[in-house]
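Report on one structure; see the data block that follows.
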Amino acid sequence: MIIIVSVLIIIMLAAAVAACIFKDLLSATIASCMVSLIAAVLFFFLQAPDVAMAEASIGAALVTAVFVIAIRRTRRYEE
Amino acid sequence: MKKGVSIILLLILLWGVVAALSEMPFGKAKLEVAGHYTDYGKEDTGAANIVTSVVLGYRGFDTLGEVTVLFLACIGLAVVLSTLKKQGCGARQTPSLILNTGFRFLFPLILLFGTYVFMHGHLSPGGGFQGGAVIASGFVLMYLSVPKIKRLNHFVSTLFESVGGLIFLVIGLIGLKLGSQYFLNNFLPNGEFNTLLSAGIIPVIYIAIGFKVGSELSKIIDVLLEESE
Amino acid sequence: MSLEILLAIAYGGAFLTYFSGKISQGLRDGAAVLLSLGTVLIVSSFYNVPAASVLYEGFLGLSLVLRMNSLAWFFAIAIVSFNALCVIYSLAYMKDRNEKDYYYFMLLLINAAMLTIVLSGDLVTFFIAWEIMSWATFLLISYNRNGALQAGIKYIVLSLIGSMCMLIGILSVYTSFNTLNISELSGQLTTASAGYKLFLLIIFSITFGIKNAVMPLHTWLPDAYTESPTPFSAVLSGMLTRMGVYGFLVILFGIVGIKSVLTLGSGFISYTKTMAWLGAITIVIPTFIAMLQNDAKKLLAWHGIGQGGYMILGIAFGTSLGMAGGIFHTLNHAIYIVLLFLSVGAVEYSTSGIRDLNSLGGLFKKMPIAFLGGFLGISGLIGVPLTNGFVSKWLIYKTLILENAPFLAFAALLGTWGTILSVYKFLHNLYLGQIPEKHKNIKKTPLAMQVPIVILSFAIILFGIMPGLPLKVINSINVAFGFSPLDVNLWGVVSEAGTLNMLNIFTALIVFGAIVWGIFRISRPATLTDQYDNYAAGAAIPKDKYHYTVEYYAPFYRMVKPFLKDIFDLLYQKVARANDFLCDNIRKIYTGYVGNYVMYIVFFMAFLIFIQLKWSVF
Amino acid sequence: MNEIMNLNPVLLIAVPIGLAMLVPILGLMSSKIVKWVPVVGFLFNSVVSLAVLPRVLNQPIIVKIAGFAPPFGINLVAGPVGMFLAALIAVSGFLVAVYSLDYIHEGAAEKYHILFLLLLSGATGVVLTGDIFNLFVFFEILCISSYALVAYLGNRSGIEAAVKYLIQGAIGSSLLLIGIGLLYGQFGTLNMADLAQNITSFSEPSVFVPMILMVTGLGIEAAIFPLNAWLPDAHSSAPSSISAVLSGIAIEVGLYAVIRVVFTICHVTGSFFVFLVAIAVVTVLIGEMSAFGQKNIKRMLAYSSIGQIGLILFAFSLATEFGVSGGLFQMLSHTLGKVLLFLSAGYMIYRTGSMEISSFEGVGKKMPWTALFFTIGTLSIIGLPPFAGFSSKFLIIKAALAKGDLLYILLMGIVLLGTVIEGTYFFRVVQVIYFKESNNKTEPEGPPVSGLISMSVFAILVVLIGLFPNAILKILTTAASELLNNLEYIRSVLG
Amino acid sequence: MSFLQNYAYYTGAFGLILIGLFIMMTKRNYIKIIIGLSILETGVNLFLIAVGYISGGTAPIFSRSGITAEKMVDPVPQALVLTAIVIGVAVLGMALALAIRLHKHFGTLNLLEIREQRW
């Protein structure tokens, strides 16, 4: 169990670092979406199903949608 | 250079946090207040989901604030984007048939699921916010898959937002006059534990919040998309 | 008639004047004159009537107290009288100006504030009134626009520094003694330590030194005097500046007590010596700077600084003779400097705003009353016998001699010489000599201007011949402060250092004058010739003015110029520029880039955490 | 009257929020009534808070939300401090709402009124709540509505300022939340009184680190140096009525929160106060010096707010009864004075069409009343008698001197130097307004009646409080003892 | 292993917080900064939930009959995080709306170039 959690956390941190590194904002957004998703899974492991639901639907889905819309309306690449 | 300084500062921060964390080991037993909630939450509020009983019972005032924040975000977004000129229609790909068909099939289901989630907030994981978010994600799907943008009905969404919030508040204010005379006091009977019609005011408020949050989150997407297409 | 009513009339009068100005001009003028004359009457009714009353119970736990005693009466009567004269004068002077409602309102408000200062029985009332006076003065100095703005800023900056010092002083007294009532304090402060007294004196001296323009703190004064409307310059120079002297009197003798003051310091470096030397410097340097001025008001302004030095010199020694000299000089100075400003104002009025000494002259015939004022004014300023200045200067010189301070006496004397030189230039360039062509047909001096000039001229002579009138009041002030009374009679003073009897001098001078008049009478009478009926070595006779008065003391000027730079003003300007520079650069930390701001935030946090975890400072 | 006195203080928060939510529905019916909603709401709040205020001086009212006793439920602590600030917020909010009636006529006016109501109800929530997480929630309401209102005009500067404000504010709230989490993890409670009871020593790392996180997070809103970089931008770019509220209320509420954390929850002692005093002095100096060279009136006023906040923090960090009551008094006089300044500057900017100080030449003649109000505000802010600012400055200096420590006297000297700088630039503006003639001969046109009414009430309050400071001194001393004596606070909340 | 047991979640949470802060401190692109903010908020939420966990606990819901109150995890942080998530989305929505306006006005999202308001 703890191994799975650790792997998830490592993936999550890697996704966060990737969000930091990517010059393409869309990719960075997807990476941060992934952070949120894995966080939602971790919430579930931490016996917080309510929060997991909220994080998955709000943090991962809606926020990402908002990001994508905003990037569409501005510019895609970091200069 | 700047990155180096940032990293040093953040490491100092980490040091401090580690020092503080040493007093609070992971997974230790609950303390007094939380214990009270799990022990008496059932009796106090009548909700099976203790998180819900905390969110709407013990800490209902936070939730009022939270609802207000979302309402505020909706208004604020509209203010920020209100004076923008309409843009010409950008190149927009026609959504594929699969997406369109899938949307037609899924949209009612998503709405239904969202409604389920917020109606059963006091019994199972979920609640007004999660249910509202699910409904809003249905609308996101709609925006992705319908070729001609269907705007949210301004009138209806405004009504949902305002009335949802007002129901919450009015229930709170009724509590000030009825029963034990406290704001947000649970003046309805608790009913039979673990059934849909239980936990007094909690399901009522969650339904109101569900509609409100659903329409607000959809509106946020709507406003952001508004003139860009 | 109680003190509250007096103040109510003073403050209410200011507002009444303002609002009546909204109705009609005549009503406002009438109200201003009547109210200021009314306050004169009320104040004079308090002569020898000590009074005290509580104005306001419990202002932040203090009670605001008013009191009337001989010192307060002396200053109050001077304030309201000069104010009344200046209001009357303003009727004519301000005739063609805009925003007169505002002008009269501020003038009366300042008058009321000054009245409150001298009537205040505790330091909070004193401070409140002091501040009202300061900002109201600022608002009136700026009235003339243009150059006045800079002068106003200069004034208010120094004034604010002064008031902040005073606030610290007052509150430190309050925290130490738990009362601010002046009469209660005077008993308690004797128990304080010498260091504390010195601190208190220094901090108050900064305040009052700024107001009284003692030498290193004087820089606001020349600009402010020059740039304000002339009747207000008169008020400013006459009494407002001398609130500093009043303050010195209160803090030195009323609160700390002269015995304690004299014990502060030892040998050459003592509080009173320092003060006396600052007074001496204040006499000498400004007087010589005054000599070089070409703007009539600026010349008077520098004299205003210089004369302030005499007052400081007088009171610094803390003897009854010196006190009498200092206080009397305050009054005398006010009389002649107001007179001088008013007569310059008359010239300014007639020539529509020219004050430049180089382009005026010969106005004697056109405006005899103004000339009279100017002449008597400078006589008083110099201290010619039979004028009031002579008496007070005599008292001050006597003090210096008695106190074995030959250098200070020499400085005072030097000041008088400088005064003579410079005021002669003043008188000559304004009234004597040849009148420029364009000033041949100037406006007449209106009656409203003549009346105050005549009254003040009369006062100069009156107090010059009968100094006993004011000295009697001053004597009672001296007694109140615990000095031995002087032996005063109507004509002068009897003291161990010699006797002053103006009646004898008056008679002697009358006799001497009669002789001189007689000699002139029997000699051949002078004949008047036209300007063109003249021989100019074959050259064409100029049609215009040829009696030039530019570069009046040119050789002397070249000689002393390097020494007479107003280094303090330059220093202050340098400080101001440095401040501007610093201010402009310090806000560069707000770079506009958010990354930096976030960095500040994290740094603040990290810094605190680091010092606590590493060293456990907190 | 008795009815009103017994009203529940929770209404102070619930009613404005309810009205804000009602506004969209009203807006659907008629756009005319919408602008009266904030007026009505804050009139109600003013009446209730002023009526309840005398009652709480003897005994704080503990409002248990939903009937759960603290620490199990959220509770409001309507003590002297809370009610004093709530009354201040309500009264200023009412007057600014009156001002906004005519001032706000462009843009999405309906949304402006909603945001305005929510901004101030958030502020009221912060000052009344007794629960640290609830404080966070109301703080977010305050902040988010400020972001939106700063961007309200939608021009370049407004958007830029809002962006910067948002970034810093969001970091602040995240830090606050981390701090709350750390405290909750150790003490298992969110009630401020309960936390205060459990915290024995603030200097242990496990308490100190969360305290610093919270102080930093709240300090961003409170504009303590060096966390105040957002302030000049935001305050100068918002509509003037909002700048007034942000400067007069929002930052003071932030400072209140900092003080609550430092005084009540962590019960800081000793050398940390020295640090706070030092920070306060630096804040004063930086604020005043940055304001000194400003050409833009609103930026100048904003920097001056930084200086004033420094002064208030200085007073609080003296941690004596005089100091704290002086600080609260200074809060009052700063609110009145600065709101007055911003409101009058608002119409001057509106009529001249420029925020440059130099464009105000001749305003004194064209808009005499507005100019007069501006001058009164100026004199009060500098701290000259007989205006409200003098009394508060008097108390603060007295408190610093009563400390009897040379260090404090020196630091206070520096603060007073800041005052001199402040006086200089303010008097320069007064000169420009009154004593410079303008070249353009536009018709003199004063502000509309609503603006005049609200400004004149502020001016009258400034003068009245300056003349009769004793009227509120009792409230202040009671409030000061509430802040200083946290045992009393704990006892009154937890029973 | 016990280190992982005890610190895995905290490491993850504070890892996210620090990465988020790092992005906000060093990046110039506004949207990137908002991404950092989002990561920071996720980290804070994860931290709060981790605070409330008790070893071997169950979700705080009486969904089945065998669940006892003693073994339930702390419900309070979950309630807080629900609030925090909603507040977070509100802030992010505002931030991105401002991003759109910012791009309209300045044509760039590089904050180093958007420095009209300074000093």
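Each chain gets a letter, A, B, C, D and E, in the order it is written, and its residues are counted from 1.
In this text, a contact is a pair of C-beta atoms (placed from the backbone, for glycine too) under 8 Å apart; a residue touches a chain by one contact, two chains touch by 3 or more.
Predicted, not measured: the structure shown is a model, and the values here were computed from it.
Chain centres defined as mean CA positions place D nearest to the mean of all protein CA atoms.
Of all chains, the one whose Cα centroid sits at the greatest distance from that of chain B is C. Taking the CA centroid of chain E as reference, the farthest chain centroid is that of C.
Each chain gets one centre point, the mean of its Cα atoms, and the points for chain C and chain D are 43 Å apart.
Centroids of chain D and chain E (each the mean of its C-alpha atoms) stand 29 Å apart. Between chain A and chain E the centroid-to-centroid distance comes to 10 Å (mean Cα coordinates, whole Å).
Separating the CA-averaged centres of chain C and chain E is a span of 68 Å.
Multi-chain contact residues of chain D (touching two or more other chains): 133, 137, 140, 144, 147-148, 151, 154, 159, 162-164, 167, 171, 178, 185, 188, 190, 205, 208-209, 212, 232, 290.
Multi-chain contact residues of chain A (touching two or more other chains): 48-50, 54, 58, 62, 66, 69-70, 73. Multi-chain contact residues of chain B (touching two or more other chains) are listed as 2, 6, 9-10, 13, 16-17, 19, 21, 24, 30, 33-34, 37, 49, 51, 59, 62, 65-66, 69, 72-73, 76-77, 80, 84, 125, 127, 129, 217, 220, 224, 228. Across the whole structure, chains are in contact as follows: A-B, A-E, B-C, B-D, B-E, C-D, C-E, D-E.
Those residues of chain B whose C-beta lies close enough to touch chain D in the complex are 16-17, 19-24, 30-34, 36-37, 44, 57-62, 64-66, 68-69, 71-73, 75-80, 82-84, 155, 158-159, 161-163, 165-166, 169-170, 172-173, 175-176, 180, 182-186. Against chain E, in their complex, chain A makes its touches with residues 2, 5-6, 9, 12-13, 16-17, 19-20, 25, 28-29, 32, 35-36, 39, 42-43, 46-51, 54-55, 58-59, 62-63, 66-67, 69-71, 73-75, 78-79. By the touch criterion given at the top, residues 133, 137, 140, 144, 147-148, 151, 154-157, 159-164, 166-167, 170-171, 173-174, 177-178, 180-181, 184-185, 188, 190, 232-233, 236-237, 290 of chain D touch chain E in their complex.
Chain contact summary for the complex, chain D toward chain C: residues 163-164, 167-168, 171-172, 175, 202-203, 205, 208-209, 212-213, 216, 219-220, 226-227, 229-230, 232, 268, 270-272, 275, 286, 289-290, 292-293, 303, 379, 382, 384-386, 390-391, 393-395, 397-398, 401-402, 404, 409, 412-413, 416-417, 419-421, 423-424, 427-428, 430-431, 434-437, 469-470, 473. Touching chain B in their complex are the following residues of chain A: 48-50, 52-54, 57-58, 61-62, 65-66, 69-70, 72-73.
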